[in-house]
Each structure stands twice: as structure tokens, then as C-alpha cells.
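Two complexes follow with chain A in common, the first pairing it with chain B and the second with chain C.
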Partner chain A sequence: MKKSRLYPIIILAAIYLVGIPILFRHNNYVLHVFILCSQLSIVALTVRLVYTTGELTFGQVAFVMFGAYGSGILAMKAGFSFWLALPGAGILTGLFASLIGFPVLRLKGTYFAMLSLVLAEVMRHAVRSWDFVGGVRGLYDIPRPDAIQIGTLALIPRFTPRDRLPYYYLIAFLLVITMVVFWRLDRSPLGRIFRGIRQSDALAASLGVNVMKYKIIAYGIGAFFAGLVGSFSAHYMTVFYPESFSVWDSIYYVLYAFIGGISYLWGPIVGCFGLLWLWEFLHPVAQFQMVIFAGVVIVVILFLPNGALSVERFLPSWWTGLSRILRKRSKKLAAQVGAMPDSSDRKAEGKSDGSA
Partner chain B sequence: MALLEVYGLIKHFGGLIAVSDLDFVVEKRTILGIIGPNGAGKTTLYNLITGVFRPTGGKVIFNGEDITGLSTHRIASKGLVRTFQTTNLFHEMTVLQNVLLAHHLFRKSGDIAQFFAMPGFQGEDRRVKKRAMEILDNLGLGAHKDKLAKNLPHGNQKVLGMALAMAVSPKLMLLDEPMTGMDETETTAMMNLIKRVRDEMRMTIVVVEHDMKVIMGLSEHIIVLNFGKKIAEGPPREVTRNRAVIEAYLGTEEGE
Partner chain C sequence: MTFFAQVVTNGLVLGLTYTLLALGFTLIFSIMGVVNIAHGDLYMLGGFMTYYLFGILHINYFVVLIIIMVVLGGTGAGLERFLFRRLRGQGFAGSMILSLGLLLLIEGGALIAFGEREKGVPSPVKGVFTMGGVSFGAERLVILAASVVLVFGLFYFLARVKSGQAMRALAQDAEAAYLQGININRMSMLSFAIGVALAGVAGALLTPVSFVSYSIGGYLILKCFIVVVLGGLGSMPGCLVGGLMLGFIEAFSLTYLPSNLSYLIIFGLVLVVLLVRPQGIMGRSELQ
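== the complex of A and B ==
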């Protein structure tokens, strides 16, 4: 697996946080699709995180649901501000996942995948018959995120149903944070442990790695971010019910991750943005929408079984040359800033050469 | 002084008795050989000692401490590490990354410090890298450090398996058929390597092997297993003359 770098994240985050709002700030439809993309990308990224430890989860929707209900309860029943309910829901979801992780993660492979799917369905049915959270009708009139002001200076503007831009910024910002966290996880010793567990958990254990602990860490961090998305979506849509969180959602999260390329850090995002926008562009050909969509998915799976990003293997040489130049630039930059360790061996050697 | 003591070890799989009432002791800084025909319970014995399986009965004492039934990673952290019979590596990682991962117990910084690359972590990371390269150079794998583990030749893969175990700097290494699938020169090199590890790193080593010649040349003390039972024990010369051994070992080998 290739190590991914920080500079593409910074460049694309800048485009995403600045460029797109400038172009589309009055177009609520485009903003709404991008908001969906950001939400689903985050969850697809958590699918990938769990997958780095070797397990394929079909139950991430359960954590999105947990976050949505957690945030709804915190905001409506306990009177929390959205800005507390959001991290609160994330933390609750992460803790919940860590707890159920102990029994659930004992299973591996197909058995884990099946159990995760069943668990999500069981939880959905459980909230259906729980009147405290609205039963089948779910929760509605969930408060929108409140404005935060110091004197007359608005730190956070009012969130209104008509203007989607604040929502866009909020979820785009969460996506960037998720991406940076997962990027760092990937290249820290933790990420190496995750990958080691996937490649051989018996060997990892024999070298002193507490396999269960690290699987739970991955599962819990994934659930934390899925819970954040659940909370965001609750306060964005202001209404949800148990049927909003069906098994289909879980399947799509997995699809996004695999179509983009699950071994790539960028895979889930590419898959998610690509497929969602494809779906939108196919609106004019309404009756063929699903056929073409499915056709594209099948073609990608047939010709790029490792995901859309595996085209990098077929890219012409001018492209690799260009990216090498960019990489050198960024390395120089990183050396000046005071680079992260573990990023490359060569850099450390280069430094010691310079001082000698 | 005894480093590993095994008392009355029993393992049943349903009706099958894999290991029955096994006693033995491994002295510090010696090489103990365990031989026996296929299915004699050698690998099961390793799995029992390293906590992969929970024994049905009996005790395993390591360094004066009862480790019976502890989990594998706890046992590893006490300084008892095994290698695997089927080549077991992190196949999709480079050779260097394999050894870096094996330094998990060597790292003192916590997970959070590692995630945020806190100041203490950076120096530690350099130390880990240096030590990993030392181990690889020492075993002659330094030139292969950037190759994927799966692309190494078989002999080198076995050596890398040893390197992973050494990275933990254990007190006791359990080697499970370290010479399978090797030709004669590779086997000799591996034997010398095992002896060198014992002498240079002051380690105690237990070797399970199929090959009589190898085990004779390597070990100071030998245990012969058959059907989960110890049928003979002693220095190599004595064991080869033992009647029960000849019958059990050579007998089944002819039958195969």
C-alpha cells in the first residue's frame, strides 16, 4: 500500500471549503448534494477504517442512527445546545461501539459482517417500539444549530432552512477533520498495527499486540465519526424516523468505499462523490437512471476491481513525473515546517547529510 | 536455572487427546529440541504455551510466574515469543515495516502520543528504526528492506520470521519447524543463525523440528513426543539409541 500524503488533503480541502462555496453559494440544490456527499463520505471512510483491521462492517448505519437519536435526545429532552450535542452524540456512539465491540469483534470475516448487519436491523426495530424517542414516527422539530455571538460579533451565524451554506461549511469542515485524523492514523504506528492485524492477527498477537484492543479502537473511532454524521443529519433534516436508517444505507457505504478503492485513503471519498454526482447527472434520463448507474458500478468492478483509484497504475508517465515533482516540493516544505516523523526514511537521512 | 517449566499439561479436543500429561523443563540459555512424527502434538504444545489454546489441565511456569491461560499478547510481553510453521509474515508490508511493527512492545509511548507524534515519540521512532535496521543487517536482510515480504525467497522469509521474534527481545523463543522447505545450505545457515542468536543475544530457544539431523546438530537436550506423550528425553546421543524412539519415529515415517 502506498503512503498517502498531506498536501492533496490541504489543496482539496481549500478548494472544497473556499472554491465551491464561491461558485455555488446561492444554489441550494448543489449545496445539498455536496452536503450529502460529505456526510456519506465520512461514514464510508469509517467503513474503510474498520476494514484496515480486516473486518467488513455492514452495520455503520446503526452508529449513524445512534448518533442521530443521541443528539436528538440531548438537544430536545436534555436541552443541550447543538454545539454540545454534536460532540456528545459522537462520544456516546464511540463508547457504545467500544462496549458492543467486545462481544461483536470476537467474530471474524463473514460472521462479523453478518452480525454487524443484523445488529443494525435489531437496533432499528428496537427504536421503533421505544415511545420515548417517538416510536415509529421518530423525532421531529429537532432544533437547528443555534447561533453563537459575542456581543454583536457573530461567531456562528444563524442556521435557517433557506440558506444551506452554513450547513455546507459545517459538514465540509467535519469531513476535512475526519480526513486529517484518518490520514494521521494511516501513517502512525497505529495504522501499521491495524494493517498488521488484517494481514495476520495470530502473528500480531504473538508479537505482543493486543488485537482486541486495537480492533475496538478502530471500531470506536469509526463509530465516533459515524455518530457525528448522525447528529449533523438530525439537525440538518430536523426530522428522522427509524426507517431513515435502513440496511440499504450500510450497503451503500460499503459500495462507495469499494468503488473508490478501499485500500486508498481517498477511495471512499472518490467513490461517494463520484456515485452521488453520477446519480444526479442521470436525472434527465429518468427511466434509465438506475440502469446506467448500475452499469457504471459493474464496469468499475469488472475493469478496476481494486476501485476507481487503481487507475493510477495505468496513468501515463507524464502524470507520474508531475506528481513526483509535486511530492519533492511538498517534502521540502515539510522539512522546513518541521516534518512529522514516520513520513519517510529518506527525509531523515537527507537532514543528517545536511548537518554533516 | 529453569526458564520454562511445564507440569502435567493436558489438552483434549473433544474426544481427541492432543497432549497428555506432559512435563518438561527448559534451562536458561540452552537449546531444547522437540521432535516427533506428524500429529505428535508439537504445534499444539506451542499453542498451549503461548496462550492460543487454553489447556485442559496442567501448568505452564515462565520465569517463575504462572502463565497458564494468559492471552497471547500478555505472554509475549513477558518475553516469550514463537515463530510459525507455515511462514507467517505481514505479507503486504515491506521487510522493514514488518520489523517496525514487531517493535510494538519496544515502544514506551502510548497510542495517543503516537497519534499526535508528541515530542518523545519522534526520538523513539528514530531509535526503533535504527534498531530494526540493526536486526535486519545482522541477519543479512538489510539489502531487502524495501521489498514486500511476500516477494522474498522462502529461505529469507523464514529468516524474517526470526527477525520479527528477535525484535521483541524475548527471553525465550519457540521456533516451529524453522527449516521446512529449505535446501541443505540454507538449513546449515539457519542452524548457525539459531546458535548465534542464542550466544549473542543470551536467549533460550526451543526448536520443534521434523528433521532428525537438524535437531541432533542443534540441541543440547531433546524431548521426543508421540501421540501427545513424552516417550523419551535426554541428550541427543542417548535419545537416538532409545528403542521407543526408533520404533515410534522411524516406524511412522516408513508408514507415511
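== the complex of A and C ==
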């Protein structure tokens, strides 16, 4: 990674991990919104991961739900500690996704999108009418994450409902891990195979790539992280019902990923933090909140169809445009003075055009 | 027996309105490749126009239907011209996000303009028909007649009228259609106008027997997905089959089963159809 790209990441990480907690330590509302942003970012990142193989999934909420229920049941009925239920729920969700991946991933494009959406709805209705997992009422009184101690030394303090900071750090930790894993994945041979499948699955298959296998791997890894988020949210909210996981959540995950820029690793995160905070900032305008929010979404998708981060593509040309304007002014000045030769100036302009 | 026949009529009426809704959605999808999530909200606009024009201003119901078709048709053409055209040919994801933004915009606007209360409209025609012991309200007869006319009118338009044939050509192969001299821009606008007008009319027809509220669109678009997937994505006859299927299943399961289970059955059926026959019941098998 280039040094120039590393610095902004370090600054962002410092703000996220140190700055925000220090500034808003006692502001539970702000911390709560940031916790939500982090949760949704992870899920939106999994949408992006599946999209790197070319498929747009509208069913990630099913895996969040699976993780939440899995973790809730592991903790409440099997007596697992949260610290075991969290990875347990993730692994169960990943396995479940790999199993249903076989029939589901046979479909492509719009058909897959529709199927994933319908699947999420089927699972929600199935849970609704299944009394073992609480039926319509859902699960409640889910234990909060417990403390871990060695002797008298508390490695992890008790999680209390009033103090949101431990939750903030827990989900921040998960987001950072997800980011690092997906970043490595993007640059690994596996990530290259995913992108190859997206460009042309027929070509990839003709080169001996088992397309189905790799799609299932992407689907399974995505589901693992979505399951982690489900588990976290179950123990964070301590109560949820089937209605907490509607298809609209799934559709919003896709919205966040696309508005941020789904071809960028940072896109889903930018989309989640940007849109969620936009929504929160729009609270004072009451009933106009939704209209303004929608306006922003429409403007971004119309003028930056590749997401907000694709602004970076226009930045250089703005710069050259700006510098050209500046140079024209200086040229005028120069012409007045009669000191500056024209031809070399035009050459420089052409050069800057080419690099834009 | 009479009860059974009553349920069948309910299913038929529901099914035909779902068909109208899904036909508009499919028309837009098959010609533009746009998955228009805002389709249910255009239904909602039709419903509110009925509420204000017919319910409050007492304009003749059939005049209201025509006004809605014209106004929403114009809206649809405008949406295509100024929004969706910009994203044409960039895959379905971008236009889907755009339509999601549109859904939020219309819903938010409706919340400001119409408030959050559910609105009902008195039925446009009074009276009860009795046929062989089965009685049903005259307004259901109106829905039935209007939907049949519109559905088969659209089928006739697509099969026989020149611009309808052009639309089908466009849906089959846009490039080839363009080479044959079909004006893609004009046809896209026309199909969007017709599709949106159909959604509005469905709203106008169904509102007198149910209600309309600003948030009804999101609920209806899921129904629309079910119909379209059951019948086959992009297939017009499939809309009729899927719409009637959903109408009958809903009417029967809501009567004889707990509502919880009925939706599980409906979505389960859709899942099975997708897995066994992804192109839907009436779709072409060009897939895979």
C-alpha cells in the first residue's frame, strides 16, 4: 500500500477508535448511532463480498437473523457464554449459508436477487410460526456479554445497559477485523478468482475454476460475518422479534453499499456512516426527513452511479480545471506584461489533461 | 357452498388487481430492465387521487379513472425521461437503487401531503348482485370488469398494435430492434407511462374495497415480486397466472388458515417455484 493512502486510514482509525470514544464517552445516543453504523457496515461489506462474484444479494438479513437466533439459543438454551456464542453463531450461519448455497447460487442476476429476497422472507415467516424460538414474540432477556477475569484482573469488564462504550469497542473490533479480512481477501488469489467470476463466469469455468465452489465460499464468508453481527445485536439489544429482520433491512444494506460505492472496499462503510448520520441529522426537520434523505440518494445515484467514493475519479479533473483557470488568469496577467510564451503553456495544459 | 363461492370471487378480484399491478411492473422490467421498487408507491398515488377526486370532490368515478391514467401516465413518462434514462444499460442494480430512492421520495412526500392516517373511499357503485345464491357487491363487479378490460386490452395492444409489437421487439433484443428503426427512447417512455398508469388504475380500483395509506407501497411491491416470480420474470401471461394464483391462495389461506401460516405457504411456494423452475410457470426457458 502506498504511503499516501496509508495516512488517511491511520487518521480515520485514530478518530474511530480513540477520538469518538473520548468525545462521546457519556453520550449514549451518539455511541448508539455509531454502534448501529458499525453493525450495518459489516453487513454491507458482506453484500459487497458476494457482489465481487457478480451476484447481488437481497437476503443478508436472513443471515443476520440466523446469527441472532443462533446466538440467543446457544446462550439461553445451551448455556453458552457470549464469547463462545458469538463465534459459534458466526460459524453456524456460515455453514448454513454454504448448505443452502448449493440450490440458491444456481440462479444468477435478477433471479438470484429475487430468490435471496424470497428466502429471507420464508425464513422470517418460518421463525414466526416456530414456538421453540419464541414465535411471534421473539426472544427476550438475552444475557449481556459477561466479564472475563483471570484471578482478580478483569480482561473484559461487565457489560451494563447504561454504559455503551464496551459495546462500541466490541463492534469496532469486529468491524476492524472484517475490514482487514476483506482487504486481504481483495488482494489474495481468492479475491482475484471472485472478480474473474464476476467478469465472466463462463470464461472462469473454461479455465478450470469451479465457479459454484467459489461462489459458495464468498456466500459462506459473507454469512459468517453477517451472523457475527446478528449475534452482537442480539446481546446488545437483549430482545428481538421476527419483525426486526424484514426484507427492507436487506434492501437498505444494498442501498448503503451502492451509495458508498460497491466497487470500493471503503464504499459500504462510507455509505453506512454517511447515510445513517444524514438520517440522524435530519431529525429536526421532522416530516421532511424522508424526502431530503431520498433526494440525497437519488442525486448520488444519478450523478455518481458508482457511489459517493467515485468522486475521487473526478477530483483530478477538477484540480486540472481549477489550475487551468488559475493559469489562464496568470496567462492574462503575463500577456499584459508580455513576458510569458504561449506555446509552452498549452503543452503543459495538454499534459495535465492526459493525466486526468 | 355459497361461502366457498364467495371466497372464489374474492380470490378472483384480488388476483386481477394483483395482475394489473404486476403487468405494469413487468412491462417496465422487460423493456427497460428496471426493477421498479417504487411501483407500489405509484399505486398509492392512484389510491390517494381516488380519495381526493372521487371521495372528497365527488367527480364521477370513471372520469377519475381516466384522469388518473393520464396524470400517472405523464408522471411515468417523466420519470423515464429525466431519471431512469440516465442509468439505462448499466445493469439492474443502479436503476433499482434509483427506484428505491424514488420510493422513499414518494412515501415521504405522501406523508407530508396526505398525512399518516389510512384513508377509505366509499364504493363508486351501490347495490349487491346475487347470482345462484352468491352475492357480491357491485364495486367488485366494477373491479372485475375494469381489470379484465385493461388486462386483455394490454394483451391486444402488445400483440396487434404496431407500437405494442415494437415494445415486444425491444424487450426481446434492444439492439436488433434499434436496427429495425424502432425508437428506443420513445418506446421506453411509452412503456413506463403505461406501466405507471396501470399501477395507478390498480390503486383506484382497489381503494374503494380496501384503504390507502402512505406506507402501503412497500407492502404491495413484495406482493408484486411474488406474482412476477411465480408467473415468470418478464412474462406478461405469467402475470395473469401468478396474479390469479396469489389472489386465490391468499383468499383461501386467509379464510381457512392462521395468517401466520398462509404467508409461510405463499413464500414457500415461491421458493419452490424459483428452485425448480426459475423462469417461472409461464416464462421462457432461455435461462441456463
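Here is the rule we use: the second predicted complex is superposed on the first by the 303 of 356 C-alpha atoms of A that agree within 3 Å, B and C clash if a C-alpha of one lies under 4 Å from a C-alpha of the other, contacts with A are read in each partner's own complex, and residues count from 1 in each chain.
The rule we apply is simple: a contact is a pair of C-beta atoms (placed from the backbone, for glycine too) under 8 Å apart; a residue touches a chain by one contact, two chains touch by 3 or more.
As the structure is a computational prediction, the values presented were derived from the model and not from experiment.
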Chain B versus chain C as contact partner of A:184, first or second or both or neither: first
Which superposed partner A:210 touches (first chain B, second chain C, both, neither): first
Residue contacts with chain A in the superposition, chain B compared against chain C: C
Contacts of A:192 with chain B and chain C, given as first, second, both or neither: first
Which superposed partner A:76 touches (first chain B, second chain C, both, neither): neither
Which superposed partner A:119 touches (first chain B, second chain C, both, neither): second
Contacts of A:228 with chain B and chain C, given as first, second, both or neither: neither
Which of chain B and chain C A:200 touches, first, second, both or neither: first
Chain A partner contacts - residues on chain C that touch it in the complex: 35, 37, 83, 86-87, 90, 92-94, 96-98, 100-105, 107-109, 111-112, 218, 222, 225-226, 228-229, 233, 258, 260-261, 263-264, 267-268, 270-271, 274-275, 278, 287-288
List of chain A residues in touch with chain B within their complex: 1, 184-185, 188-190, 192-193, 195-196, 199-200, 202-211, 217, 340-342, 345, 348
Residues on chain A engaged by chain C in the complex (per definition of touch): 56, 103-104, 106-107, 109-111, 113-115, 117-119, 121-122, 125-126, 128-129, 136, 247-248, 251, 254-255, 258-259, 262, 287-291, 293-295, 297-298, 301-302, 305
Residues of chain B touching chain A in the complex: 50, 52, 71-73, 76-77, 81-82, 84, 88-93, 96-97, 100-102, 104-105, 107, 111, 114-117, 121-122, 125-126, 129, 164-165, 167-168
